[in-house]
């Protein structure tokens, strides 16, 4: 037993790499159906959107480009679907030029899979340059910044935009970003206009966001693939209940299952490595 | 004179003006800033020629060594090909240059990046040993955080809260402490350069 | 299974596998992929630098817009090439001097404002009035952490006497911070690996029906 | 029926008040309006020369707006046109010229801090000139530098020196180049080969000069080989791939990773660990430090990297600036402590900074 453990603690690299490869590949091919319990920041955001009255508006800002797509796109898609199912109107915009296309892509899915009607059930505004100017400008009048939607239809003739003038008429802003853009939203829209802000961020930048969650500057947040998977899973449950089984997406869920397995393998390696270390140390001392 | 005095004077003059620029809101100051940014990019970009000479020489010399020859030949050819299609066909959408970027450079980049997953695993296995007090602390924190970020972490009461606390309090404090020292050190280095105390770049 | 018919996808897939092969050991496939990578990336960098660095910031202002002042950076840039003539090789220090001078100058106030002042601002204890006990204790802990970590990097005194326990606390904060960063980063990195596998299995071999 | 009674009123009426916004580049004016009577609609125009632009349609009786995008070289007048059922009234402000400031007084406290810090460094530099030696506590990673060079010599294998992946505008890169000078001299004394792959073109040109000069200064210009300091490629991961390959093939005995690093840090250091090299790392990138600490033999954390050049050269001028940094640290800690205590008693002091 002892010798076995010591041996286990001296695996070569190739074996480790092989185990990791299998651990990540397996969940992608064979569904594990682990389920995804929401972590508190995800749950706060989900519940907030879930309990909004029908006909409310939320502003979703796709502040990213394709390089962070694997983590952020599933978040945007899941929130758009959730809003549409709940009768909440998502207004999709972007502070990054490439974000427009990603926003359109997410709404297209809601249109094809849930039958959402453009400009009635959702609105796509597109991209406007200038971070702070755009965020501050929406606080005055959204029509000043976006006179039309991305395809050139004036906001005044878009039914879904009726009665939406500024942040007073927007229940929540969610900024999706691989960097610090959500902070800009907090600085300009929250501090100045008291707008409620949530964020969807990559795991790399998430580490810097925790203090702001503690102080409540973000009402909720989706962090990395984990946050995406939790939200996606929850929306999948809702889709099933509402009879849209085909609209379910498992992109983030599968990725997170692979991720969880990998974490467990690494934790196992650490434990095994340390057991071996202490056994050999004892043997040397004895 | 031309060798040392003028470069040192240049560093001093440009350094002082650029520092003061921050405090002057006048449009002329902004204009100085914009111009300097362009000049810096321009001057910096010109270094590419020396770098390319180095790159080509590095691989050219290897053409004479049997074990390196075919690979270095490929490096030189890939470089020439990419440069050629870039200057002739342009960088626009649908160009060969862009295709080469998306289907050759980008996947190589992404795969190299993803090797990190493996290296994280082997580093944890190999080096995370509770050898000392410090090493044990690092190990235990990493272990807790790893567990908390998995799907399973959410099912254990208290774990999500613990994660938030670790990230927001001790983690933040250590980063801030380092950042204060780092910014003092980096400002001091900048000042030393401007004042001419640090002159290794002049060859000691 | 719907294996891809796109030759570009095949190229990308083969190169992906060649890089992965380095995990086993260094081999001709990796070496080839590595050299293609280096060559293509350097070519990309050159074309990019020319189109976004040299042309718009030196050549166009000087030769197209006739902004005569741009003669200065142009000459400074040419001075790099002075190394070709050993006698004048020292002229290469001029562009260094320019870049270091402007770069250092611009960075000083920014470093003060963005790094130093901001970090200090959020370390100072807030007024506890109307604050929950938990949040206040956290703020206090952050203060203690920052102070001890800064003192850990104090070079003028050895870590003895009073400094010994203080720096020890500093190390505790440092190590917990490093452990947290390490543990937290794993998720981000494996998300990338998952992305590569999805490319191989989905886009190339076409065996993942859920990948749309 | 509309009478269209037009009434002109001038600035003296106090309806329109235009003031310059201080501490800016002269592109903004503050316009305050207070409309004395109730109205149906109102229009606020900016007039410069014979050009008039509508800037706002006020809905409330009073308000303040900041008019932006102006030029400090021009003069502006504001005109408010008010319609109230049968009346049209026009108010006009005096001519105002926005002022471009030469000093931002709101940044004055920061300016003082810059001066203070510069003064401290100069004070210690002066002190160093008087020839007194200054104490610095030992740093483990730095004491290991010479030993690591020696090891490569014993094994008869080359040294790898990575001066970070960033540009010269990163202070970490400058620090790394300073240490490179020292390491090259040591390696030169033992006639051990040192490989310096570089990612940034400018850094490449400087690194090349530094290595050349270092050999020259120990009287061994013959040891300089043009191909030992080389530009690898400017792609982050292309660089990582090439340097990983180099480590494995050249079997480098000692690896230095000093400077600014991003995600590639672990690729380099873990590959190096797999070849059994002794590794010394140092970076101010907080996010990469954990990976170096776990995989390298010695790691210079944060500002220890900058301090290295003072430590290794033992040059009193450089040591002196370290003393200046330490003094500034104490000042900062005192400020943090004092303001925290004041806050506890409900006295909020910002010093114009925080």
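List of remarks:
A, B, C and D are the chain letters, set down in written order, and residue numbers restart from 1 in every chain.
The rule we apply is simple: a contact is a pair of C-beta atoms (placed from the backbone, for glycine too) under 8 Å apart; a residue touches a chain by one contact, two chains touch by 3 or more.
Everything numeric in this text was worked out from a predicted model, so none of it was measured.
No other two chains have as many C-beta pairs in contact as B-C. Taking the mean of each chain's C-alpha atoms, the chain whose centre lies closest to the overall C-alpha mean is C.
If you average the CA atoms of chain B and of chain D, the two centres end up 14 Å from each other. Separation between the centroids of chain A and chain B, computed from CA atoms only, is 27 Å.
The distance from the centre of chain B to the centre of chain C, with each centre set as the mean of the Cα atoms, comes to 3 Å. Chain centres here are Cα means. That of chain C falls 14 Å from that of chain D.
In chain C, the positions touching at least two other chains are 19, 22-23, 31, 33-34, 37-42, 44-45, 49, 80, 83, 93, 96, 99-100, 103, 107-109, 112, 116, 120, 122-123, 138, 143, 146-147, 150, 153, 174, 178-182, 184-187, 189-190, 192-193, 195.
Residues of chain D in contact with two or more other chains: 110, 114, 117, 168-169, 171, 174, 201-202, 205-206, 209, 232-235, 237-238, 241, 263, 274, 286-287, 289-291, 293-294, 301-303, 307, 322, 325, 329, 332. Residues of chain B in contact with at least two other chains: 19, 22-23, 40, 44-45, 47-48, 50, 52, 55, 105, 108-109, 112-113, 115-118, 120, 122, 124, 126, 128, 138-139, 142-143, 146, 149, 167-168, 171-172, 175, 178-182, 184, 186-187, 189-191, 193, 201, 203. By the touch criterion stated above, chain C contacts chain D in their complex at residues 19, 22, 26, 30-31, 33-34, 37-42, 44-45, 49, 80, 83, 92-93, 96, 99-100, 103, 107-109, 112-113, 116-117, 120-121, 123-129, 143, 146-147, 150-151, 153-159, 174, 178-179, 181-182, 185, 189. Chain C makes touch with chain B in their complex at residues 8-9, 11-13, 15-16, 19-20, 22-23, 31-51, 53-54, 57-58, 61, 69-70, 72-74, 76-78, 80-81, 83, 90-91, 93-112, 115-116, 119-120, 122-123, 138, 141-150, 152-153, 170-187, 189-190, 192-193, 195-196, 199.
Interface residues of chain D, counted against chain B in their complex, comprise 23-27, 72, 100-104, 107, 110-111, 114, 117-118, 121-122, 125, 167-169, 171-172, 174-175, 177-178, 181, 198, 201-202, 204-206, 208-210, 212-214, 216-217, 226-227, 229-238, 240-241, 263, 266-267, 270-271, 273-274, 284, 286, 289-291, 293-295, 301-303, 305-307, 309, 317-318, 321-322, 324-325, 328-329, 332.
On chain C, the positions that touch chain A within their shared complex are 23-24, 122, 135, 138, 180-181, 184-188, 190-195, 197-198, 201, 207-208, 210-212. By the touch criterion given at the top, residues 19, 22-27, 29-30, 40, 44-45, 47-48, 50-52, 54-55, 57-58, 61, 105, 108-109, 112-113, 115-116, 119-120, 122-124, 126-128, 138, 175, 178-182, 184-193, 195, 197-198, 200-201, 203-204 of chain B touch chain D in their complex.
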